[in-house]
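One structure, as structure tokens, below. Some questions next.
Chain nomenclature is as follows: A, B, C and D, assigned in order of appearance, with residue numbering initiated at 1 for each chain independently.
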Amino acid sequence: MKKFINKPENIVAELLEGFALSHPDRIRLVGNNLVARALPKAKGKVGVVTLGGSGHEPGLSGFVGEGMLDISVPGEIFAAPGAPRCLEAIRLAEYGSGVLFIVLNHAGDVLSSNLTMEMAKREGLNVKMTLTHEDISGGTNPEDRRGLVGFLPVYKVAGAAAEEGQPLNACFEIAERMGRNMRTLAVAVQTATHPSTGQAIFDLPDDEMEIGMGQHGEAGTGRMKLKTADETAEIMLDMLLKDLGVKAGEELLVIVNGAGATTLMELFTLFRRVDQILKAKGIKLVRAKVGEFITTQEQAGFQLMIARMDKELIRLWDAPSNAPYFVVR
Amino acid sequence: MKKFINKPENIVAELLEGFALSHPDRIRLVGNNLVARALPKAKGKVGVVTLGGSGHEPGLSGFVGEGMLDISVPGEIFAAPGAPRCLEAIRLAEYGSGVLFIVLNHAGDVLSSNLTMEMAKREGLNVKMTLTHEDISGGTNPEDRRGLVGFLPVYKVAGAAAEEGQPLNACFEIAERMGRNMRTLAVAVQTATHPSTGQAIFDLPDDEMEIGMGQHGEAGTGRMKLKTADETAEIMLDMLLKDLGVKAGEELLVIVNGAGATTLMELFTLFRRVDQILKAKGIKLVRAKVGEFITTQEQAGFQLMIARMDKELIRLWDAPSNAPYFVVR
Amino acid sequence: MSECITKDEFGRMVAGAATEIRTKHVMLSELDCAAGDGDHGATMLRTMEKLEKAFAPGGSDDLKICLKDAGWSVLGVDGGASSSLLGVFFTGMADAVGNDLTEMFEAGLAALQKQTKARPGDKTMMDALVPAINALRSAANGGKSVREALYDAAAAARAGADATRNLQARYGRAKFLGEKTLGHADPGATSISFLFEGFYNGFTSVKGESNNA
Amino acid sequence: MSECITKDEFGRMVAGAATEIRTKHVMLSELDCAAGDGDHGATMLRTMEKLEKAFAPGGSDDLKICLKDAGWSVLGVDGGASSSLLGVFFTGMADAVGNDLTEMFEAGLAALQKQTKARPGDKTMMDALVPAINALRSAANGGKSVREALYDAAAAARAGADATRNLQARYGRAKFLGEKTLGHADPGATSISFLFEGFYNGFTSVKGESNNA
């Protein structure tokens, strides 16, 4: 493994320290290694909290900032944080109007957040939890659909709603509406090495790719020969459009998220084909985002996300943010 | 090679198409595949133009936008564009007060830009060219020092000066001052494959790294056993501080630029050590930027840049920008 | 067996379990590499550290306080599914202190079953934990000693863990691997079998007796 | 040799050179892989396309216009150092149309030398180009025919290119590789030798004569 790290057991603490130091005006570490805004949100607004494993930078803590998250609870490498730190984060993000807790559907995260919710309720905290699960490779049962890069629009629109002073119920409804209207599919072509163990997290023959691969090398169902950019975009977009039931005239947000080693060069090439297909079908591509938002170390591959937008969701997506890895003017 | 591309000869055209489509409000392709702002700069201001090979995304075209570049001239993969398109860009970026032409010191780019300057002068265009060459691995002769991620502060401060209406001479002086006060060193641990040829661009044994490796696998001088993040940061920062002659009390901008496959996790870890060392030496780290600004496909490694800042340079660095990969509010 | 367990006795059980995990954590990570993310050994090591700390000399003499502390700090290991589940388990046991050991374990299991739908057959830690606790119950009902009960539990846990080799994962990360999980024992079930092995070793250690109950 | 060359004659030379590059471009890229970025063959292919197009039937009959067009479109190949340098070279030749072939080549070289400091010995295209043009000059001064002059030039270019094997690069990307460039011929010098080989082939082709000048 060729990674610039020090002792494996210190990776998370050191990366968080570096992250906070590189944005001293915007980010600070509070409590038990929680990532929070340097300037907390004004009293009376809804707090927005999330949790998730580390090793996926800039996800998830890169989206803490005005207009997005108040606090993120980073776990160990690829591992959910436990309930105690989540509870601590929720207490800190209570500015007087309750807290929205955004959870990506992965076994460990759900376990921790269910426990957190029980404890928070016992303490009388006003928390609502919303689960993202838009990975269509999981089949039709929503429980089996993982939360992938769809967290990004959910953080963005719910964060913007909270920032503009909407009440907890409204923020929750917006997050849920965004969640219901989005779908993601991932593809992997090259494994990552686990930074603590130095082991490859999966194997894939030299000429194959796997559609449906999860965020940590959890296998998908679509192992096939490597395809061109255009073919790959066509296969994946087709599955997504069908699953979401998109019709001509509807308005979509598209996100192309690089897994780590896949270049922007490739992501742009793929996005170009997505745009062409949507145009041909009369579907409106109203917003787009191409880059690395949640990575899996140096894995190669990408996630393609589509989301059906409405006027309010677009307005909230466009609202200002100063999160270090999602600045909107 | 596992890359999502179509025909190798179409890579550049397709990636540019996708890039422009993903930012239709900010970017459009003009003329002969030049990347320009969707809304051109106001008349009477200085235009800012750059050139460079493709395959390094988001560099260089990702920094076209209000407050940074007006037009970038992308070449083929890793290859400088020729003079004709550069000349075309300069003509288009002439808004009445001349054009600043920012060139990174690489053989092909310098050749093209010298030719461009001759032609531009013959046409009576008012252009000034500034060359960035801050790679200290090239030795003491400035001609041998390549232009690496230092283009970023130069684009930023010169772009901001042009945006606020400073005359060409002033923009040029600012770019030169920024250029004189910056130093970069790169390190590579893993090769990239050339997207057109499918070949590895260099070889490196499994347990080694190379300090001084250039943007395209041009060898450096510092091949050594792989080091920890802390050791690597110490070695590189030490060389940079010496070369720039930084003294206690001075103010620095630091950029850590990932080569492609090196994770933000690692870059944060490295940055943390840089911050610690500077604190110990009494040097002030006033601004920082950690991410991928110029990449070499899926190469692993990073560039560390330091720059001595003054009040005006900091002000210009902080000025607003809406370049897709460098948004400042 | 229907005696209440003392804090010292449970502390010895924890120490025995910690020794067991410390000798075998590499194998746990290897199992987790086969169909998970390779971190289970590291998480179990951190879990045992927290458990030992909660029972360290100088701490409270109250078993309930020690177990509550253990549960909370295991929840705080931040190591994904397994540390959360074990944290819940020890917290559940804490709530039943005052009852006998079997009842305490049953209370831990009940708490756990509120957090996960996984049941024996799903290739999770439940495949070792449920038979182990069933064995404790049978031993208690059959009038066996704590030592004998723990011996039976360890044997049942081991058998349960071994049997996961032939199962397909239906919970946790591994569920997405389907058939590929066949042929490897579940890491979580394996560590439960090590825990019960260690509980027995620890319980018997001070008395200096041999392993045959 | 002090005759002026016609547009058709030069067009045939270009066609010969294009054929040569098309058969050997893979080798050029391989040489560029050894101590560069592996794209030299591709750049040369695109360069030859532009050259051929400038001399394609239906275009101008004026050699100066054709060469100006060729130079400008080769500059526009966007292929890094070599296409810019060759673009400059053909532009320089265009400016000397009206003089004899040797003088045209010398004018191209002079234009080139304004853009690069590389000289023979620096392991660049200059190591083939300078001897080739020197050979043209000697042939002309010695009263040889164009055909003979081009034959000498091709031989000199090949010898110059071969000799780069023993040189260390001091210009272009390869300069950063220092000693590692030893043992491989310079790609740019090699393509210059192919160009001159092709110029000779093309010039002689229509007359249907054998290769021995």
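The rule is short, and it goes like this: a residue touches a chain if its C-beta (ideal position, glycine included) is under 8 Å from a C-beta of that chain, and two chains touch if they have at least 3 such contacts.
None of these values were measured; they are calculated from a predicted model.
When the partners of subunit A are compared with those of subunit C, no chain appears in both lists. With centres computed as the average of Cα coordinates, no chain lies farther from subunit B than C.
Rounded to whole angstrom units, the spacing between the C-alpha centres of subunit A and subunit D is 55. We define each chain's centre as the mean of its Cα atoms; on that basis subunit B and subunit D are separated by 33 Å.
Averaged C-alpha coordinates put the centre of subunit C at 78 Å from the centre of subunit D. Shared interface positions of subunit A, i.e. residues touching 2 or more other chains, are not present.
Counting only residues that touch two or more partner chains, subunit D has none. Inter-chain contacts occur between A-B, A-C, B-D. By the touch criterion stated above, subunit D contacts subunit B in their complex at residues 29, 33, 37-39, 42-43, 72, 74-81, 83-85, 87-88, 115-116, 171-178, 180. On subunit A, the positions that touch subunit C within their shared complex are 32, 53, 75-85, 106-108, 111-112, 114-115, 138, 144, 194, 196-197, 199, 201, 214, 216-220. Those residues of subunit A that touch subunit B in the shared complex are 2-6, 11, 14-19, 21-23, 54-55, 57-58, 62, 189-190, 195, 206, 209, 226, 228-230, 232, 256, 260-272, 275, 288-292, 295, 297-298, 300, 302, 320, 322, 325, 327-329.
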